[in-house]
Structures are given as structure tokens and as C-alpha cells.
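My structure is below; once you've seen it, I'll send some questions.
The first chain written gets the first letter, and so on, giving A, B and C; residue counts start at 1 in each chain.
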Amino acid sequence: MLEVRNLHAGYGRMPVLRDVSFSLKPGEILLIGGENGAGKSTLMRTIGGFITPTSGSITLDGKSLIGEAPEDIVRLGLRLVLDGHRIFPEMSVYDNIRLGAVMRGKERGSFEAAVKAIFEVFPILEEKRRDYARDLSGGQQQMLALAQAFVAQPKVLLCDEPSMGLAQLLMPTIMNFLKVWAESGTAVVIVEQHLDAALTVSHRAIIMERGQVTIECPAGDLQNRLAQRVSA
Amino acid sequence: MSYELAIILVRGLGLGSIFALLAMSFNVVHSSSGILNFAQGNFLVLGGFAAAFLLASPPDMAMWWIMLPVATIIVAALLSFHGWITLLPLRNSTEQDSWMISTMAVSIMIGAGLLITQGPFAQTVQSAFASFRVMGTRTPAPYALCFVLMIAWFLWLKWFHARTLTGLAISAISQDMEAARAAGLRVRRLQLLAFTISGLVVGSTGFVAAPVLSISADSGFRYVLNGFIAAVVGGMGSNTGAVIAGPLLGIIAMVATYQVGGEYQNFVSLLILVLILMFRPQGLFGRTAARRV
Amino acid sequence: MAQAQAITMTKPSGNLTSDKLQFWLGLLIIFGTVLIPDFMGNQYYTHTFQLVNLYIGVAILQNILFVDAGQVAFGMGAIFGLGAYVAGIATGMHGLSYEWGIVLGTLAATLGGVLFALPALRVQHFHLGFVTLAAAMVFPEMLVAMNKYTNGINGIPMPTSALTQRLPIGLAPLSLVIAAFSGLMLVLHVRMRRTKLGRRMMVAAASPEAAQSLGTSPGAMRSIAFILVSALTGLAGTLYPPIVGFVSPSAFNLDLSILFFFAVVVGGRGQPLGPILGVYILYLVPNVLLVQFVNFRLMAYGAVALAAMLAFPDGIIGSLEIWRRKRQLRPEDDGALRVDRIIANAETEFTDKPLAPDAERPVLVEVHDGRKSFGNVRAIDGVNLTVRQGEIHGLVGANGSGKTSLLNVLSGLSRLDSGSLSVKGRDITRMAPHRIARLGLGRTFQAPRIFPALSIWGNLEIGIDGRYDKAEEALPVRVQALKEALSDRSAEYLPHGQRRIVEVMRVVLKEADILMLDEPAAGLSPEERAEFSHLLRVLSRQMGKTIILVEHDLDLVWGVADKITVLDFGRVVASGDPAEVATMKEVHHMFVGKKHA
């Protein structure tokens, strides 16, 4: 579904991503881990259209995403949830969710179904639907950011550091939500530094170092692979 | 005395409505892009020029109603083009202040263009409506019309921002542009639309207010100044603030003109601006408008 | 030391900025264009270039004010006009000597600067721009309105000045004075960035909170900037009447103010050569080449500014500079540069000292019944906190439990509604943040405050600038080595983890003995976290710093902290030794399948 091939990207002449390739099937959850500065966020932003790659290809269902603006990439079915739970603070929770579905046009019915599903998973959002989003806690804002992406019903979801600034207690709720979401056929990429919580729901894992993919394996094998490297 | 007071009040209210309309037109652009259009006053004056050209003297009532949307759309189209130019360099600049220069430059160019084609003298436009009497004094109708126009635009904008998805999307951009793009909002298109809406507001104002407006090459900035003060006093981004602060400012300006003379009117406006920014930088209704220290 | 050596060896041939080249070129242009026409005896060009170069001097001052001090002031033409007019009134209307005119004009402009600085204490950005622009619009109106004192619209003719009589060397003293003035302004611009004051100003402009945490009052910096720039702009203004021989209100209208600002932006913000190029393009070209189309001058002026803005959004020189920097970017500028390793090398002299028992260590920070609400949210709700000398005190809790609010209150960035705070026994409940910082408190921020305009060393050096009330001393050898290794490294591409280290080191260089770190490990990799824990221990046990650590990573906190305070909904729910706190019921829900006891 999503194919990334030999991707190089960076700022100016400074390379950040070097020859990154991976692919993603419907319903699959891919964990991308790695040190800070390894290029994970740059990779997400490049796929999302915020950074233009210097070479390589990104295709979604065979259609190239390179050169497309971020807002148009969303329309093609790829939704990036930025790190740091970026929602619109000065409007209500419900309006935030409404805006998530903006580019889907007039499919009223499916939007309402999606909202209902979201409120079942995160009842706190329904309870606070009329509150300003700025009054939510960090964790609730992350839920809202995911809700906003959910109602867009993308084919591919990219999730950059969903745990950033979040209490550890909330992690399982969020990860389970992503798991259930993926089961409906959506391909999900989770970028995380805290591997443990995300590993429990992932199918495959990639570790990036210095802009390159150094490990790619089934999620279950990752801890072993990492341990091997430490002992080696 | 009460008769003088009535003149001051009614005319101040009318003049203040123009300030409030300008403030609202500032707000719609500002909230979508953080841009404060320095050329807004020139577009108001262009609305006045449009009235001068499109209307006979004395104007015919039917023509007035036909030409109102024509003038409004012309100004809105020009302002959209101006908006397009202003937004152009914002894509890849490291500093996001280029708009201060481009809108100021356009303001100078419009002023210069009017000076070259129209000369330095003010145009006069006759009112299509009969003047009305307040406490026995004849008051030009546009003062009342401006007040009505202010209320109408206020209600429409309120509905637009709260109820329509497009209006909400424009607010979203002002809050987090990157997140808005990630959510699939077509940012550039929405910002352009905001410029167009501000053009509709300011163009209709220029046309309606034409008989009481100073329609000359160099009056643009005076209106920008007063519109900005109304926006700041009301609280940047708050249209409710604007419709209260505008008339208030208009009345004070009228009192100042009456008491100390017209040449001090801008000085008094400046004084109000400084006082508000010193003691209540967020304005009357603003939450966090002015970047406070 | 070996590490530092290695870094020095990879020293690049290029420069971080081209300030030096621009400076010499600028000096050449200023002196050349003023002195050559005068020497050749061409009256028209002498006069034109005297004015052009005077405007260049003012535009350079505008550059300092706008970029280095971060103040958006559109109305400098009014300050210039104030200097010119007061000098004109003094000499032309009251028969005072020109020397008196200079003194009075400069004084008046300085006073005008004070008036501009007042709103700047409250608002910034385009709000400030608008106020000053409005002032510039009102200024000529007032000159006309107060015609009793100013001769109104007729203006004031000036007696011929001895300054315009050519000397035996073939030059008028006025030319020499103007060249010297604008040249000196260029020197001031380039030199100021290398001074303590210049750096403090820049930090205050870029991040007022960071400035406050380094003991600098942003308000004071703004006031100094406005007053300094206004005084010098006024001085330039007093040179205007002898050039033109006449002052009138229309010479100082809005266009002049806009010229100064446009010149900076069109030429290139912060670039020494920027204002020179800007004045040439915006003033010289329309006024000399288009002199026969006088009506089109204003149009050309706006069109040139707009075209330059569209073609070069960062200004002409600025765009060139960005292009040059991109070309010079080196592969080591990416994540490979490890500031922490270089720093770790510099800190090996100390030995570990064990922490003394509580009773022997004095209380350094104390919060007593602190309360603070935002709207209806109680961020801090009756908090008591005691931090003793030398300990690492972990502050943990869920999101919104009040940790960062507490840090903000402690550093003075926000005020308690009730309750009291003390640091080293002094009550700081109502103290200004920069004063608190001077008591020896240092803090870092969740988003590291790194200034890309400075080199990596510059980013550390502003910590040294934060040593207020201390005599200047020579840098220790190790710090000197840091300076050599990092002076020509751009901070722009420093990776996140390294940014955190730089920020912590900055506070150490400030010689703060109480460090407050706000989520310092956020965004660090596991390896970087381990190294960071080690750094914390070095800071505490070897250098004797007291550390207040706000952190989400509980493993890290339990690994290094001597005391832990747990906050929940703005209240302290547990406090004490790590082992003790871990067993408390109130904190169990925070751990997910991990053992800390």
C-alpha cells in the first residue's frame, strides 16, 4: 500500500535521511524506533509532504506522493499526526473533530458513525465535547489529535511520537486504540522512542540510526535483535 | 448643548462604525494568517473612488443598489489579488515578516497611483439617501447606513466563523498552521478567501460611506490607523470588541475634533492607542491578543 | 582533551558569517561615495551622497534596533526629524550656535526614544510597529499645528554653516563628519554583536524567558536599545539641516520612516551591508534616476520594495548569505557533532563527594503553602516543598499535575496567588525573574532555547554573560578549549539531544548553584538518557550543584534522585527518599509493570 524506496532527504545540503526503504500492507502496524536525531520525524514529515526529498520515491497505491502538498496528500488517504499533540486549542473539542473530516466532503453518515466510534473509545472526549481543546490535558489532547485523524478515515496513518509528554499510564489506551483501528484495514506507522508500549501492538519494527534503517524485523524479534547488538 | 452632543454622538457613532468595519476586516485576515494588512485603508478609499465613478451626481437610488455589489466585488477582487501577492513569499522565507513590507509597499503604490491619476484633491460623492434629522440637525444618511452595515457584517461573520466549516477552518489555521495542513485544510486557499472576505467588508464600507469619507490619495493610512486602534481596543481578533470599540473611538475622535481642533484628531487617536497598549494590551475583549511581555 | 584536539583539526576554512567582508566593503562604499564627489567638486553629487550616507547611518541603527534588539519600530523618521528640527529651531529661530543645536537635538531625540521605549515595555511585534508608525504620521502634523514654535508649514531656513566650507584638502568638514558617522555606525553594528551587551540584547529579543533566567531584564534591554539608537539617530538628524540648509515638516513625513525600515528589510535583516544596499535601491535609484518623473517617485519606491520582497524574501544580502551558508554546510554539522563528549572531557578534575545527611545540609529552596490558579484550574494547590543543598530533587507527576507551573513560579515567570517562596533564605515571592536568577538560580526549558544566530560557543557564552554582580575573570583552560572548538560551529543544525546538553552547560557556565531542569530527557534516546543521568551525577556530586528535576521518565528519576516529590492535581501526594516514595500507595498507579522499590 505505502511504498518508500531509496529515500534521501534533508535540509539544504545536509542529508538527514539516507537511502530509507520500507513498505506497508493494509492493516499492518509498523513501529519505527531509533535515537533522537536519527531522522524519524524527518521521515514522517517527508512522507507527509512537509519536506521535499532529494531523491527516492514514495508511492501510495502506486501513486507518487512526491511534490504533493501536505493537504493534498491527506486527500489521497495518508494522514500524518504530528508530534506534540497538535490540536486547535481555541475551538471546541467537537469542532476539532469536525475539521478532521473537512476534506471528506459531504459523507455525513460515515462521519457520524466515526464520531460515535471515537466517543466509545475515548468517552472523555464526548464528555468534554463542548470544552475548548486548550483546557484538555496533554493525554486528552493526544486522544483528540488521533480522533481528528480517525474521522478522516485514511488508508495510512502516520503517528509521530504519540507518547511524547504523556503519562505512562495512558500509553496502553492509546496503543490499543491504534491496534483496533489497524484491524479495520488501516495501515499504521508508529514512531516511538519508548519501544515497550508500542511493541505490544506492532507487527513489524524498524530501527533507524543516523538516517538509515539498521534493523528491520518482526516486532516479536526486536528485543532479541537489540540484545544481540549490545552483546556483540 | 444637548444639540451639540447629539451631533457628536450620531456622527461619532457613524464614523466609529467605519472604524469597526475596518477592524473586523483586519480581524478576518489576521486570524487566518497573522497578517495585518497595512493597505486596508487604501482599499477603503478605493471603495469610495468606486462610488465616485460608478454613481451619477446626484445618484439614483436604483443605481445605488445595483452598484453597491459591483463596487464591493471590484474592491474584493483587487484585495484578493493583493492577498495573493502578499502570501507569495511566505512559503520559503525564514522570517515570516515579509507581509509588513509587501502590504506597506502596496499601500504606498495605491496611494501613489491615486495621486498620479487623480491628483492630490479629495473626491466628493453625493448621498443617494436623504439626510435625517437628529434633535433638529440634518445628519447625512451614510452615518446611519454605516451603523447598519456594521451590524450586518458583524452578524454574518459571527455565523460564518462559528457555524460554517470554512469559517472554522480559517480559525484553525490561525491556531496551528502545520497541524491544519496535516489535517488536510487547504491553507493557502483559505487565507486567500479571508482576504476576499475582508475585501467584501471594506469595499462595501467604502461604497456606503463614500459621501462622508475623505476620498483622497493620502487618507488611506489615517483610516488604517483608526481601524487598527479599534481592533486593538476591542481586542485583536474579537469582532464583538470591534463593534464596541469602533463607535467609542468615533465619538472620542468627534469630541476631540470639536474641542481641540481637527489637526489634533490623529494625535488623540495615537494617545488612546498608547494608553490601551500600556494598560490593557489584550484590549477589552481579547484573550491573548497582543504579545505581552 | 584529545576530543577537543580532534575537533580543532577539522576546523573549516569558511566563516560562520560574512560580517567581516561586508563590514570592509560597507566602509569602502561609505567613505568612497561621500568623499570622492566632494573631492571632485561636483556639488550635486556631493549633496546627494551626503544625504544618502546620512540615511545609511540611520538605516544601520534601524538594523540594530530591529534585528539585534528585536524591536519593530517603524517610526525612526520621527526621531530623526526631532533631532533635525530641534537643531533647526535652536539655530535658525533662536540664534544659538550649531554646537548647541547638536546637543539639544540629540537630547530631544533621546527623549523621543524614551517615549518609544514605554510602549515597548508592554507590547512587541507589529503592535509596537503600529504605535511608532502612528507617531511618525502624527509628527509632521504636530510640526504644522504648533506653528508658534516651529514656524509651521513654512519651515526654518538655516544660517550657512562653516561645516560646508571646503578645507584646503578639497573636502568639506561636513563630508568628513558624515562619512565618519556612518562608518562608526557600521563599526557599532558589527562590534556590538561581540559584546556582552549585544548578546544580552539578542537573547532578550529572541527569548525573553531565557534572558530572565540568565539574570537579564528584557525591559531594560529594550529601553537601552531604544535610547541608544534614538540618541544616535537624533545626532544624525542634527546633521541634516547643514546639508539641506532648511528644515520643513514635509521632509520628515511617514515616507522617511518607511524608507529606513524598508532599507533594512530589502537589503537584508541583520546583514551589515543590508542597509547600505537598501538605501541605494530605495532612495538613490528613485531620487536620482527618476528625478524627472517626480510623480512616479513614490510609485517606484513602493514597487521596488515589493519586487525585492518577492524576489528575495530574506532581503538581497540575506538571500546571498543563506545561499553561501548552504554551500558551506559540512557533513559534521549533522548529528555527528557531540557537544556532550567535548564537555565531558572538560569536566574530569573533580572527584565524587558523598551527599551529607539532611540535617547537615541547609535548605536552599522552600515553598510554603503555594497556591496558583489559571481560570478554574488549580495548577498549584497548597504545595509545600523543601530542597536542601547538594541534592537532586525529582519532581514527578502526571501531565497537568503542576510540575512546570511550580518551576515557573520558582523562577518568577509567574506569580503565586498566595503562599510564599524563598531561595537561600531570601523571600522571592514577589521578586522579578531576572533578580531571582541572579541569586544563583538557573533553569532550562522544555523546548531548549538555542539561538541559531549564535555559534554553539555563543550559545554557551551567554551563560557566562549571565554572571551578574561578579568580576570578570579569565576563562579556565578547559572552557577556553570549548571556545576554540565551538566558536565557528553553527548552532542551527544542532540535534535536539545536543541542544539540551548545551542548555544545561549554559546554566553551569552561568555558575548557577541551583539548577531547575524542565523535562531535560524528553526526546532523548535511551543511550542519551544514560549519558544524561551521568551528567546529572557529575553536576551534583562533583560540582556540588543542587538540582530540581522535572521529568516524565520515572526510571531516570528513580535512578538519580536523592529526594522525590510526587505531584497530582497541583498537590503534593508523596515526598521523601526514592525507595520510600516508591512504596507509597499514592504513587503506585504511576508505574506500568515496573519495579522501583
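Methods note: a residue touches a chain if its C-beta (ideal position, glycine included) is under 8 Å from a C-beta of that chain, and two chains touch if they have at least 3 such contacts.
Computed from a prediction, not measured in an experiment: that's the story for all the values here.
Compare each chain's C-alpha centroid with the centroid of every protein C-alpha atom shown, and the nearest one belongs to C. The chain with its Cα centre farthest from the Cα centre of chain A is B. Distance between chain centres (mean CA atoms), chain A to chain C: 37 Å.
Put simply, the C-alpha centre of chain A and that of chain B have 43 angstrom between them.
Contact of a single residue of chain C with at least two other chains is seen at no position.
Chain B meets chain A in the complex at residues 165, 168-169, 171-172, 175-176, 178-187.
On the side of chain B, the complex with chain C involves touching residues 36, 85, 88-90, 92-95, 97-98, 100-102, 104-109, 111-113, 115-116, 221-222, 225, 228, 232, 261, 263-264, 266-267, 269-270, 273-274, 277-278, 281, 290-293. Chain C makes touch with chain B in their complex at residues 72, 118-119, 121-127, 129-131, 133-135, 137-138, 141-142, 144-145, 208, 218-219, 254-255, 258, 262, 265-266, 269, 295-296, 298-299, 301-303, 305-306, 309-310, 313-314, 322. Here chain A touches chain B in the complex through residues 48, 50, 69-71, 74-75, 79-82, 86-91, 95, 98-100, 102-103, 148-149, 152, going by the rule given at the top.
Across the complex, chain C meets chain A through its residues 325-327, 329, 331, 333-335, 377, 398-400, 493, 495-498, 519, 522-528, 552, 554, 589-592.
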